[in-house]
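Down below are the structures I want you to see.
Look for chain A in each of the two complexes below; its partner is chain B in the first and chain C in the second.
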Partner chain A sequence: MPAILQYDFMIRAFEAGLILAVLAPTIGIFFVVRRYSAMADTLAHVSLAGVAGGLFLGISAVWAALLACVLAILGIEKIREQRTLSSDTIVSLFLFGGLSLGVVLIGLRPAGGVNISNYLFGSVLTVTDAAVGQIAAIGVAAFAAIAAIWRSLLAVSIDEEVARAGGLPVRLLNRVLAILGAATVAISINVVGVLLIGALMVIPVLAAMQFRIGFRSTWLLSVAVSMLSVVCGLTASYYLNLASGATVVLCSIAFFVFSMLVSMASGQRVNAVAAETED
Partner chain B sequence: MSVKKPAIAVENLTFERNGEVLFDDFSFEIQSGSYVAIIGPNGGGKTTLVRIMLGLTKPTAGAIRIFGVPIDILLARRRIGYVPQFGGLLDANFPATADEVVSASRVQVLGSWRRFGPADAKAVASAFKSMEIERLRERTIASLSGGERQRVLLARALAAEADILVLDEPMGGLDPASREDFYASLRKLNKSGKTILFVTHDVHRIAVEADSAICLRHELVCHGSKACLVTGQAWRNIYHANKAELSEHAD
Partner chain C sequence: MHRQTYIFAVVAAAVAVLGAFVFLADDRTAVEVRSGRIDVVASFYPLAEFAAKVGGNMVAVSNITPAGTEPHDFEPTPRQVASIYGSHLFVYNGGGVDVWASRLAGAIGERGVKTLEMRPLMGELLPPVDQEEGEMFDEHFWLDPVLAQRQVEAIRDALAGIDPAHAAEYRDRADSYVAELRSLDADFRRGLASCQIREAITSHAAFAYLARRYGFTQLAIAGLSPDEEPSAGALAALVREAERRGIRHVFFETLASPEMAETLAREIGAQTLVFNPLEGLTGEELVTGKNYLTVMRQNLANLRTAMVCP
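Here is the complex of A and B:
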């Protein structure tokens, strides 16, 4: 057995990381194709305020982060409905507001105790058996929910106006998607951290999209990229003594660059074949 | 004896935006199986009327009924298929195959929670066959030409079992051959009983295709006979220009 798997904390990190690796791009693909990538970031920053609030009040960081995200989603939707501010302005407002509130609440805590950087960037040492159980329970529930409304979310993502004209409950579906995004952010706190989970939701999807394939194929490939990133990232962080969350994200960026290069090379090959055929 | 209900009934429609009256209390009916051209100058209210008929924009006053059912009712909405402007909201680089785009429209029939079954697969296959684009099923949207993409969007409306097809300037940017193919598809669908509402600036061409017209210029200039598409006086009422000038600018 490799040395890395002789430690319980690494096994737990792999278990939690692989659950996240499936869930993050499954939710993230809908954010990316709808150009809501900033929403993933906003939820992550808002969840920091939740984590800090939870630590301040002595309640579970995961549930506090989830609560903060759900409140932010409802707030964003409420302001959006007023039509006085553009969507990106509202999202920015919550992103910076969440980050600032988190920093202020952290400052109000008595010194000592929990290291906040564990929540910001993840720390595999903090992943307990209970945390893995929580990640699995919330992850499976979120995955089941997205599977149930997959085709509706796809219809809304393809064209929101057509979906609305066809009678789909677009507003409800948008809220459910955002809440599932919030759940993903909340359960990622220990593994990749709140500031980096947005990357795991977006970058594997971008890597898969380089190949210009169908939606289902893009999703499957993004999950594969995400799982490889988690395995490579956690392994590298163990052997090279690197920060786990950041290493996972750097691995996903490496896969994205690789995908882009392969896609560009195959595009050039297709063009060359086309040119030869024309000649 | 039951009276056949019109496909679309617009009743006493009034619409105001920012205090300005765009439509002032007009009514008309569109019979099932008709092919209606909606024409008018830019800003004349064509897209607003379409959005009201689709239930996307609420009128200030008045009602829209689809086969007698108010547009607010889900059953009414599901009888309309919408093909937006060329390009529309569908991103040309959206990572989906034509099959995935058309299949997704079945949620309008199934609702969000029911599973996709053999009947749905059959409806999707039939929509591709009607549009004669079976060969495009596994192609991604990004790899399709503009004309092929618009026919996929028409197939999407058919797969949703729409009885009324509303097309909002679907052919801007298409080459002449693709336009003719698209018109031929619409003719075939109309013959099979679909009601077609077609918003366009291509007045000369639609005058050949449509059997009736709705002419808008902030008010209902004319409705019913397509005479307003072919008489010079009516053109001046709609566009404040003469027919010869317009034929040069038709898209």
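Here is the complex of A and C:
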């Protein structure tokens, strides 16, 4: 057995990482298509406000974070439906709002906050067995929910107008997706950290999109890229003694760059062939 | 050539690289090199220092939080976590100072490593600033020389349990270090006995135990965590308080930004002084021979200046 698997903390890191590697791009691909790529980071900062508010009101941190995320994401959807602002600007509005509200709420607590961010932003190396179970349960539930409404979600993400004309419950579908995303992020950040969950939602999808291969293939490829990023990243971080979450993210970026180069090379070939045939 | 071929190539290349990486890198770099001594891993500087003093050359102590790093912002790498798994004793503070350690402690304990958490041994936990209630506690126990003695004794007992053959040596070394801590305590008691001012302004509410022990009050600019920002009103209130009491010095700590303390100092025409909370000494400090005792004496000298003690 490789040395890296002698330690149960590494095994748990692989377990948690691989479950998220499947789940994150599966939800993330819908966010990316709608220009919500900053969503994970936004939800993390909204969670900060939630945890601070929870301490203030005496509610458990996880539930407070989840509640704050769901409220925020419903708010984001509501504003988006007004159609006066683009998705990415609304998301950044909530990012700054969440962060500021969190900082103010922390300051309101008379005794001062004992580094709330430390409780909020976890690390993939300190995942417990219970947390792996928790992530697996959320993962299976979210995955099943997405699979059940996959076609409708796809239709809504590609063109809301057409979907609405086709009789799909657009508002309901948007909210279901949003709440699934909020639940995943709110519960994962405390376990694996916002960097990891946020990056896995977005970067593998971007890598896969380089090939313009249709939605389902893009999704499959993005899951493959994200799983490989987790395995490569954790392995590299172990042998090269680097910070784990960040190494996984850098691996996924390496895959993105590689995909982009391959895609450019293939594009040039196609263009060259096209130019030759034109002559 | 089709895009599918390229995609297949991407995935295949990744798998090949990954496989080569796992199996070629295997075992040659494994870290389980036992030193032949008792391996002790401490989560941050003061605990590592105490363990080294008690263990002497019977133990090999490693400190997870690197020199000069603020432990509130720190996260260990896989190697470091692996080194805890390979050790005999893991000593940590508990609570917000080393959250990662509390998260790991359960799993480490199951693997047969003895874990020693200081927080439950420290008696009554204090809120960071007087007169305030809440579930937030100051966890800078090591800054009180009396609680530090209790930590040294806890390390002594843990080492004696792991290595009973050398129990007498651990006891002797612990006794002599406790004696040094007692003399530090006596210096603080004497040094702060008759000061003109009984308040000290600090940039980071870390002195609750020290202040209780020696009967002064800390007025904190920010909260417990060094990167917390104070409100403008709180800063103004501190300025008035300082002027009313004739406070001429403001403390800032070594590992955090001194800006807030400098602002306040300018406002009341005071000087800034360093209070080193010993959460980590920088490499430079360690090289020049600084340690817990010398830094605490420097802190005492600065406190005496600030509180005008004859």
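Here, the second predicted complex is superposed on the first by the 218 of 279 C-alpha atoms of A that agree within 3 Å, B and C clash if a C-alpha of one lies under 4 Å from a C-alpha of the other, contacts with A are read in each partner's own complex, and residues count from 1 in each chain.
Just so we're on the same page, contacts are C-beta pairs under 8 Å (C-beta built on N, C-alpha and C of every residue); 3 or more make two chains touch, one makes a residue touch a chain.
Values in this document were obtained by computation on a predicted structure and should not be read as measured data.
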In the superposition, chain B vs chain C on chain A residues touched: C
Does the superposition put A:I149 against chain B (first), chain C (second), both, or neither? first
After superposition on the shared chain, which partner residues are touched by A:L242: those of chain B (first), chain C (second), both, or neither? second
In the overlaid three-chain picture, which partner chain does A:T126 touch, first (chain B) or second (chain C), both, or neither? second
Between chain B and chain C, whom does A:P169 touch in the aligned arrangement: first, second, both, or neither? first
Examine A:Q82 and indicate which partner it touches, taking first as chain B and second as chain C; both and neither are also allowed. neither
Could you tell me if A:M209 is touching chain B, chain C, both of them or neither one (first, second, both, neither)? first
Chain B/chain C common contact set on chain A: 212-213
Enumerate the contact residues on chain A facing chain B in the complex. 33, 148-149, 151-152, 154-155, 157-162, 164-169, 173, 208-209, 212-216, 218
Help me check something: in the complex, which residues belonging to chain C touch chain A? 1, 3-4, 6-7, 9-11, 14-15, 17-18, 21-23, 25-27, 29-31, 72, 75-82, 85, 95-96, 99-100, 103-104, 106-107, 111, 127-129, 132-134, 136-137, 139, 205, 220, 222-225, 228-231
Applying the document's contact rule, which stretches of chain B touch chain A when the two form their complex? 54-56, 74, 77-78, 80-82, 84, 88-91, 93-97, 99-101, 103-108, 110, 112-113, 116, 138, 140, 142-143, 156, 160
Residues of chain A defined as touching chain C within the complex: 2-4, 6-10, 12-13, 103, 106-107, 109-115, 118-119, 122-123, 125-126, 128-129, 211-213, 221, 224, 228, 231-232, 234-239, 241-244, 255, 258-259, 262-263, 265-266, 269
